[in-house]
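In the two complexes that follow, chain A is the common piece, with chain B as its partner first and chain C second.
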Partner chain A sequence: MSSPTAPNPEFDLLRVPVIGRFLSWRRARLVLQIPLFAIAFLMVAQGLTGSQLSPKNLATVLTWVHYRGALIVVLMVAGNFFCLGCPFVMVRDVARRFVKPKHNWPQRLQNKWLALGLFVLVLFCYELFDLWGSPLWTAVLILAYFVGALIIDTRFKHATFCKFVCPIGQFNFVASTLSPLEVKVRDLDVCSSCKTKDCIKSRQETTSTSSDIVFVQRGCELALFQPLKVGNLDCTFCLDCVHACPHENVGILARTPASELWNDQRRSGVGQLSKRNDFAALSAIFTFGALLNAFGMVSPVYAVETWLSRVLGITSETPILGLIFVLALVVEPMLLLGGAALATRQFTRTRGSLLTITTTFAPTLIPLGCGMWLAHYTFHLLTGLWTFIPVFQYAFQQWGMPILGAPNWSFGGIPVMLVKPLEWGFLALGVLGSLLVAHNIAKREHPTKTTVAFLPWAILSLILWFCALWLLSQPMEMRATLLSS
Partner chain B sequence: MRHLFSLFSLLTLCALAHAHNGLPTLVLQNKVSGPYKVTLWADPHVGQGNLSVVLTPTGQTPPDQAPDKVEVAVQPTSKRLDEKIYPAKLKFKFQRQYPYYYAEVPFDKVDSWDVRVLLHNQQKVDVVTAQMGTKADNLNPWFLPLYALPFAVIGLIWIRAARKKTGSPTEI
Partner chain C sequence: MNGVPTKIFCCLGVGLLLAGCGKAGTVTTAPQLDFKWQTQPNPPQTGLVNCTLSLLDEQKQPVTGAKIHLEGGMSHPGMQPSLTDMKEAAPGKYTAKLDFTMGGDWFVLVDATLSDGRLWHQQINVPGVKSR
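Entry: the complex of A and B
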């Protein structure tokens, strides 16, 4: 084994004392997964058997107040560390000790369309069945993730569930394009002289007693070959590549957030972003879904539902909500993105199809989407920050083990007046990011007509930003608090 | 056009509606009063506050039997003002069965307040009393630059870093 590479001027999390040493340890993932699995177990147990009053139940409070908020905060300040600690993968890893997957995921499903559909389905079910108010159905959703990961990954090889199915995974992949950290090669020269390519092929050794080959460390299950990997897309931060590299040449390095969004280089396991229609659709759904998810929590949504109900003469909520979803996630993006693409084509006098232009510029939306998710979910996280304490106390009391004392329901969170300005700040950074991405894509695609190519996408970003500001200025329903139930 | 106008009116009016703006404070929980268990939540902001009364039957009342009228009465504990009574309206969301009684209550300053929940039922009034404190709602404007500063710094660093990255892919 060669010596570690020369010191790199970039920040490398794996070289930070304690944290770096822990993450470089081969069992680090398991150590993170076990507590998350234990918490998930408690959430499912109480969701299925405990009080169905959502603010008193671990399943609803931890899922809809704490997990979502913590997830997006960690993605924005560090990277995709929740995928690293994913308990679904731990369960499937255990199952794979007994059942070896034999099949490859079908070629025609090797894209984001299925996961995109499931992502929309989860958003739809969340609104339709008021998941934040139903511990039982929240527990069922968590179980569905476990079962889904188990079934798919014991039948299909590699990280099929993570890469092509998991809706949370897709959310994390898209959001992690804005993360300041990236799992990345420290020195490309070392890779060019590497003979083993263990980071992708896995590290194998021959046993001392026989000539059998034993896999001692798997390589990247998501088909990301480190020297050709660009950015965080499809990276679960599993750190398999870090452990597999015989040259200790993979780190968790600092980078400019969102810079991968204007980089159209062909990337390993992903291809070229400007040729991935599924990724463009995912970007659009990610951003318009953020607006829709917030819209579902403010009072105007009830007015719209009531109005549609009266106009269409429908009393069932399902078709009305379905119509709102179609308008918000299909019609509105098509009109706005199509309009921006048409304007770009007219202004730059190019001949590309509207779909091609839209796909090229679609990453523009992601920073604003991240800003919206961050503003929305941190609002719930921070205003309900301490609510997990009485909920845990109550859960253990219900299980006949009042080891944490009687529930103290006066635990709340940070006052709204202190949280609100943070929301505006997150949205401001979001729109700034969108403008940066749009400008850099315009510069890359139209070096001589950058300004006119940039203009339609800047206007689109500003329109969406105003929508987001309006939404967040509305009184927001406090989900998973007592009044919601 | 008429439909669109009515939608616009609804959205405009809704924007003025006050929902519970922040995590409400639990004032009292499951206090038995007549046929109900009363739970009282408050958004006790100076200016426009609100109180929400959640009623659950004690077992003697069928769940669908609501009181004729619910009111809340508030007065500073110091008695510096007269008691004022506010009606609490039954709130339902579209197609969702989460009723509670909601009253908008103006509070003039940070203080301790006596609250009475009045449940009118067939010429009888059941009363539940509680005490709560109000809190200032508005952030001191001087804090806003303090809030804006880290975001401005992050934004500037981001712009600088993005300008250094020209967008040209790194060759491998």
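Entry: the complex of A and C
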């Protein structure tokens, strides 16, 4: 049996000098949350009171250019570190010092359906209210997250908001299945001899002056028991388990990105992926939502809207946008995934229901979805990389404190022609990842008929990839009102 | 130690609130000008667009000798603005080529310094710039 301090061939971020020492520190999360909270405060303040020109306001620039881009980049190159530094959780932690939650989240809501609905709602509001062009509504959205986390987590125990409600959290959970790092047990033998299970139960100690039991460190609030945890799903990288483990047996280890997507082992706090219809739906919405979100930014969307408006005789944007959302997020996935599942059943001559086959193969979509989100968001991040500088200068100038000097609006970013090849590269990696996942799931489910089981899902991945390539090749056209002529 | 995050949180909130209490700027009377904005092509397309701004003062006389700076920006954040200065092509008539780098909704901020030193600012919305 090896000890936690024995040399380990795996890369462990917690053993990297400086970074590892910092992350192992119990206050590390707070230190990351404070600056993010301060930035969120400035964003809300300027969103509510500052210039309503979107490129000149911290709320819109930092949310829709820098935060989104940095989020997906960090998820792809490291892990779910934005959930680690989440300022919403900091506020609810402070509130929980005064208000102790007493209730458990209702059993019927202990799934992803509510969060999935909210994720779609945010995407819909983003298009309908042109959130990217409205500092005020962007600030309201940020406040809504704070208020939502506060209300839910002061009423319900554990990390209810993160696990069952937060749309950003669900996005991060799905994307983090492709992260190269995972919070993981270093040595399972140590866990098998562990008597206290502090990583899930929390670490408790008896005070020296009385027999009172005090909580020294909470365990996992998302019900992920480390020895049985598989992958990054539902893991917020809060590192509570790292701090709670008395054996220093939890690390942030390197792993093969996406490998958890073809692992159907029963996982703590999640269950089996192949039996989670809600997770399958989340995977589909994550991927088709990536395509739809990009579609809203290119020229053809206006032609489609205008055509629908003329055919249906409707001039209001809400029903037309709603129809596009239903087509893109319900009808299209049902047809494509249902078709692939039907083909798999025919080719392999099996008797599983179409829903079961679809749920089993749904993780196939995730790498391509990640590729699309990454391509889209890094485009905005890189082409507008330095735009935060004049916006900060402008904000402080507006507040009567021109400590950063006069705003220099000539700051831009990396030229589009240099960013475009990166976008193609991300999509190529995405489709390769999807093909790999599809093949490994096909191999797991149909060892003797792997090729024919794989084929429909490979074709589906290629169809979606071509759609993504087509979208990225279209001229961008960002309008505030879709139905404007 | 349990109260440390709470104290930090409260101090940060109060500090940021206090930081927002800055000194107000000086208010000056802006000139009341009549203006006419034209683009060629109309509606504008992506690329260089000829912009013409005609200015008349309170007495309906052409405003001559003004220094005019244009800043074109998109409704979506993160796009580098197009910056240019206008030239006086005729008395009270100023022209410039502004680069609309992407299709979509644009706004143009006009910053003019009149010959008597007064400042005039105007936001002109340019919706629906067509992609080529």
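What we mean here is this: the second predicted complex is superposed on the first by the 471 of 485 C-alpha atoms of A that agree within 3 Å, B and C clash if a C-alpha of one lies under 4 Å from a C-alpha of the other, contacts with A are read in each partner's own complex, and residues count from 1 in each chain.
The rule is short, and it goes like this: a residue touches a chain if its C-beta (ideal position, glycine included) is under 8 Å from a C-beta of that chain, and two chains touch if they have at least 3 such contacts.
The structure displayed is predicted, hence computed values, not measured ones.
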Clash or fit, chain B versus chain C on superposed chain A: clash
Touching partner for A:I200 - first (chain B), second (chain C), both, neither: neither
Partner chain(s) touched by A:L228 [first = chain B, second = chain C, both, neither]: first
Which superposed partner A:M417 touches (first chain B, second chain C, both, neither): first
Touching partner for A:W262 - first (chain B), second (chain C), both, neither: first
First, second, both or neither for A:G425, with chain B first and chain C second: first
First (chain B), second (chain C), both or neither touched by A:P300: first
Contacts of A:A149 with chain B and chain C, given as first, second, both or neither: neither
Which superposed partner A:W399 touches (first chain B, second chain C, both, neither): second
First, second, both or neither for A:K443, with chain B first and chain C second: first
If touched residues of chain A are counted for chain B and for chain C, the larger one: B
Colliding region between chain C and chain B, picked from 3-11, 39-47, 75-83 or 147-155 after the shared-chain fit: 39-47
Common interface residues of chain A - those touching chain B in one complex and chain C in the other: 130, 133, 299, 383-384, 387, 409-410, 412-413, 475-478, 481, 484-485
For the chain A and chain C complex, residues of the former touching the latter: 27, 30, 34, 37-38, 41-42, 45, 53-57, 60-61, 64-65, 90-91, 93-94, 97, 130, 132-133, 299, 380-381, 383-384, 387, 399-401, 409-413, 475-481, 484-485
Residue ranges of chain B touching chain A (in the complex, touch as defined): 3, 6-7, 10-11, 13-15, 17-26, 29, 39, 41, 52, 54, 93-96, 98, 100, 135-139, 143-144, 147-148, 150-151, 154-155, 158-159, 161-162, 164-165, 167-170, 172
Partner chain A, residues of chain C touching it in the complex: 2-6, 8-9, 12-13, 16, 19-20, 22-25, 46, 71, 73-81, 83, 102-105, 107, 123, 127-132
Contacting residues of chain A [partner chain B, same complex]: 130, 133, 188, 227-228, 230, 256-259, 262-265, 298-300, 302-307, 309, 311, 317, 383-384, 387, 409-410, 412-413, 415-418, 420-422, 425, 428-429, 432-433, 436, 440-441, 443-444, 473-478, 481-485
